Amino acid sequence: MVDYTYTLLIPLIPFLLFIFIGLTGHKMKPIVSGLIGTSGLAIAAILSYITAIRYFWTDHIGVIGYKSIKAFEITWLHLTDKLTINIGALIDPISVMMLIVITTVSLMVHIYSIGYMKGERGYHRFFAFLSLFSFSMLGLVLATNIFQMYIFWELVGVSSFLLIGFYYEKPSAVAASKKAFIVTRFADLGFLIGILILSFNTGTFDFQLLTSPTGPAITMPGGAAFMGMSVLTWSLIFIFMGGAGKSAMFPLHVWLPDAMEGPTPVSALIHAATMVVAGVYLVARLFPVYALGAPDALTVVAWVGGISSLFAAIIACTQTDIKRVLAYSTMSQIGYMMLALGVSGYGGHDGLGFMAGNFHLFTHAMFKALLFLGAGAIIHAVHSNDMKDMGGLRKYLPITHATFLIACITIAGIPPLSGFWSKDEIMVAAWHHNKILFSIEYLVAGLTAFYMFRLYFSIFWGKATHYHHTPHEAPYVMTIPLMILAFGAVFAGFLPFHALVTSDGMPFESHLDWSIAIPSVLIALLGIGGATAMYMKANGLPDKLAGVFGNGYKWAYHKFYMDEVYLFVTKKIIFRFISQPVAWFDRHIVDGFMNLVARTVDNTSNLIKGFQSGRLQQYGYVFVSGAIALVLIFVYLWNF
Amino acid sequence: MNSEIMFYLLAGMILVFSVLTVTSRKILRAAVYLLFVLISTAAIYFMLEYTFLAAVQLTVYAGGIVVLIIFSVLLTSHISEKAIMADRKQSLLSALAVGAGALLTLLTILRFTFVPSALPAQTSTVTDVGNALISYERDGFALPFEVISILLLAALIGAIIVARKEKDGIIATKEKK
Amino acid sequence: MNILSLFILIPLLTIIAIMFTSNMKQTRIVSAVGMGIQLILAGILVYLYLSERNAGNMDAMLFYYDAVWFPTLNIHYTIGVDGISVAMIALTSIVVFAGIFASWMVDFLYREFFISLILLASGVFGFFISLDIFTMFLFYELAVIPMYLLIGLWGSGPKEYSAMKLTLMLMAGSALLFVAILGIYFYSAPAGSQLTFNLLEIAKNHIPIEMQRFLFPFAFIGFGVLGALFPFHTWSPDGHASAPTAVSMLHAGVLMKLGGYGVFRVAIYLMPEAAHEQAWIFLILTGISVVYGAFGAVVQKDLKYINAYSSVSHCGLVLFAILMMNQTAMNGAVIQMISHGLMTALFFALIGMIYGRTHTRLINEMGGLMKVMPFLGVVYVIAGLASLGLPGLSGFVAEMTIFVGSFQHTDTFHRVLTIVAASSIVITAVYILRVVGTLLFGPIKNDHFLHLKDAMWFERLSTLTLLIAIAAIGMAPLWLSNMINFSLGPIVEKINGVATVAGLF
Amino acid sequence: MTGSIPIQYFLIISTLMFFIGIYGFLTRKNLITMLMSIELILNSVNINFVTFNKYLYPQNLQGHFFTLIIIAIAAAEAAVAIAIIINIYRNFRSIDVDNVDQMKF
């Protein structure tokens, strides 16, 4: 056993940075807080790389398969005899992989933000929040138990909320942050319920125990508990609901496009590379339980992933806000990952989907962060989010153009860039599992290529737009991260994931299935070709095509009216039909009853007070008749 | 036989004048009727051979109180002034209650069998009364006598204070013991 | 001198000292010093308590002291604390301390104000240290009465109405409570022996089940009124809305906790069988409280009303967890009492400070305050996050302990109710974010707000005291949880040990 | 001297006088006449005391003394009452009982 206690520092450094910058940031020069944050994260990144190299290679010589190692654990809260909430660090292939992804992207975003956020109010606040987010996300992936994960899950949600609402004076940003938080919070309720059910039945939160094939979760007696599915299945579906919320899966995706109101580096970090894949990570973390204990739940995961990827890809083709296109693209790609996990089995080559999902997570983090940061550079230059305001930018922004193109090719899945390798593995896994899902993915691959190149051409080619002042390339502090990420996007595909990240920790042989790969590449090329024809030079084709699809286009353009549905549910149902009646009920019925009691007492005393009229003879009369009545009753009527 | 006639006569007077006292519309007359009632009562005391009591009744009641009342009547109203009577409803209701009460009490009295005592009567001459009043032994009334004297003093002072004319016309305190 | 008696003595001495002060400055310094000593004393108490426990003292109640003050009815001044009361005392002293600073600028009848405030505090302290239910009741009344004056004199809005409503409803609760206390008294000892009000003595005796059935609702509702049990909670929104800042803080922060504490100490501890039998009724009521309060808060327009409804929801959760009658849930209930006490006190303090600047509490009329008062804004956001259960702040610890604990109940009915109650966390997020979004974020709605100042030093002190406590519990909950757990163990054993009837479902 | 008159006769007289007094008290508006009604009531009670004393307990004088004391009290009462009435008259310029209802509610 090797000592990994120092991994504790990886989340702890950003946390201390958050406290430090948060408390003292307003007293220092803006740039200083940026530099402190960045250098702190650089240390965390170096530690992560050391961990990865040690875990995957140096400490691993002569051993077959990767074990999960509890590097560190303390009891945080004692709940029952069996259940305690622990805080610790769990080192296993997926957590190490996530450490790499998070620290790399986060570091790039930090560096990039030094330039991007220059001159903004709340510069130090931005870096404090970024550190908070990094802390939470790192704590999430290192979680040793599901409750720790839930804790950091919530923290991640809050940091996301704070960062989306960074421009808090902008009402749309505030609304978007609220929406993001509440939608994911709703999903988290499902997560919590899932945890409650799971822990009640298994008596543990611990991942190692839960995922152990002989552990209490997997060996739990099955049998239908409710609506034909076992307790375990239900709990896993609930947990997946949490994951789906965070990962913006249909139908809990509505917050993601709006979340683009946040500063672009935030979108790159949180809403493209790291936080949104937390759902995927959650399923991957509990994968043995899903695969061995409740395959039904895994089917749900697969279908949700498949539907989301198609749904998002269609919408992405119609949007004009470049960040929203990227947001839908993210949703679509995460759908891929979910689907990959959903179609996977456990162990050996059956676990291809698991490996592919994580692989795609890894490569996607690189190229999607790159796309977002590139978009940030473009927005920085043009001061607009809308692709209608852009065109012909390749002349002004050469580095951005080059890196953006690389990212587009990568996401389209053209060999030998990384996107091709990971996507291909997913296709293979899907082919072996479910042909319908497989064909959906083929379609989505084409759509992806199409909308990405639509985006690319609209920005960099197309009509030459006149700008108020000539756009100029971003400073090096912004372009260097782009180049680093582009490097990652190109070469990440050559990592031997099938040897490193597998469902049971054992390496397996995996090779390219050309019968699946070639058609997928062809479809991607078809998409690119279509986009080239339509958008490389400004022409009337897009409008004509939109006309052909008619209502379909309109529906996709309006995101299938999901926002309106949600608005209906929240505004109409929650506000109008629950809260307002509740408030009314409280004021008028419950409180009204109390007031009625008060008023009755008041009226009664008013009534009684009439006897106290001050009129002597009335008193006398009452007294006399009362005395007579008493005599009558006690002497005559009540015969003792 | 004489005494019976005497009693009926007194009873009749008491009843008639009582009724007149409470119904007469002229207050001064009512006071005079009251005087007759009180005198008749004194006569009853004579009949019962409590002569000292009868004498007190005559001096204090008939002499003192009625005179006081007449004075105050004169102070507060004109002789010719007719008293306002209660409205019909009030009178009726009062009559009803009073009638019921009287009926009930009479019924009680008539149904109850009183057993007159055959013991020799204690004389109540002035000497007897005086002795009893200052005796502190059994059947002595020294304590009530003293208490009543204090009460009278208190009432005396209280009445003066209450009735005294205040400069600002506000009733100060009601000394009532 | 028993350290616990100091908790009553110091407020009284402070009150006497205040009487001799001649101006506002002196008054508030005396109050601050007095309550500062009280806070330090609470710290010492926690320390002494823990060291006694570590030294192996296993008594149910530490620092026990007993003196009879009304021999005819055998009423004693019995005091003693266990982990739960120590925690509550610590909470009270923090909130009172913060409350003094939150009312730093009270200038109308300031001497009387601070005297009433501290009198209220001494009542609360007395309540938490008493082990004699009659004396406990006495202190409870002592805490309620100054409330009437404080709201009626220093309040705002329809203050007479609110003060009257609050006092009358609480008094109605006291009346029920008094019936229960007398009932318990008459069955407190085996026939023929000396009757007693002493909690520990009564607990040894078994109250006949028929009497329990009769008395339990009285005790539960009596304390429940104070704990904002649906449908007896309506004093809370009106009362809080009209009360001055410090009073809202103390009331929502501490006084409402007397309800939960009393339910736990008197109703359930002394009458466990009836509690088991009737729990389902009250579980439904408290479950309604939790969800209903949250929904009610969603559409309110006045900041204080929002917070009052949120208190209904959170305090409902306290009673809910107590009724689950297992150790984890009850532990959660105590943590929730403390957590909510701190949180809501912080909220009311902030609302008071914001109101003092903007002169409005309607959220529609405000906006963008974060820009002009960043300190208050940030603290408000943190308080909001604590309220919606963000990990790292106290609310999360409490809620999760409650939910996990309640879910361990073997009965499906209880587990379903737990899920219903848990759904309130979403609604809580809705109303908290609505407030934060409208009040602090967005553009500034009124130019007049541009010239407002951020928090003064005493306001910072007041809010930071509470904030630190919230964060301390949120980040390192274990010591608190263990302290409570230790004392809860025997109590839960007693409650469940005699459970012969498992409940209706 | 009472001869063969039964005790009930006296009691009937006193009862009737008592209720007549009450009737007067309830119906007369003038405070002084109300006072007179009260005197009637007191008188009827006195008759009762004396009668019971004479018929049932002739060996003692308790009833007799009670009556004596009642007379004294009646005198005091009348004095104070008239003082009050005069005071009221001074304040209200009237001694109508219906006007004197300040002590209500």
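The chains carry the letters A, B, C and D, assigned in the order they are written, with residues numbered from 1 in each.
Convention: a contact is a pair of C-beta atoms (placed from the backbone, for glycine too) under 8 Å apart; a residue touches a chain by one contact, two chains touch by 3 or more.
Predicted model only: the values in this text are computed from it and were never measured.
Think of each touching pair as a link: the shortest run of links from subunit B to subunit C has 2 of them. Centroid analysis (C-alpha atoms only) places B farthest from subunit C. Distance between subunit A and subunit B, defined via averaged C-alpha coordinates, is recorded as 100 Å. Mean C-alpha positions place subunit B and subunit D at a centre distance of 5 Å. Subunit A and subunit C have Cα centroids separated by 36 Å. If each chain is reduced to the centroid of its CA atoms, subunit C and subunit D end up 64 Å from each other.
The set of subunit C residues touching two or more other chains is empty.
Shared interface positions of subunit A, defined as residues touching 2 or more other chains, are 617, 621, 624. Across the assembly, subunit B contributes residues 86, 90, 94, 97-98, 101 that each touch 2 or more other chains.
Each chain pair that touches appears in this list: A-B, A-C, A-D, B-D. On the side of subunit A, the complex with subunit B involves touching residues 617, 621, 624-625, 627-628, 631-632, 635-636. For subunit B in complex with subunit A, the residues that touch the partner chain are 86, 90, 93-94, 97-98, 100-101, 104, 108. Every residue of subunit D that touches subunit B in the complex is listed here, in rising order: 1-13, 15-24, 26-30, 32-33, 35-37, 39-40, 43, 46-47, 50-51, 54-62, 64-65, 67-69, 71-80, 82-87, 89-91, 95-96. By the touch criterion given at the top, residues 609, 612-617, 620-621, 624 of subunit A touch subunit D in their complex.
Residue ranges of subunit D in contact with subunit A, taken from their complex: 22, 25-27, 34, 97-98, 100-105.
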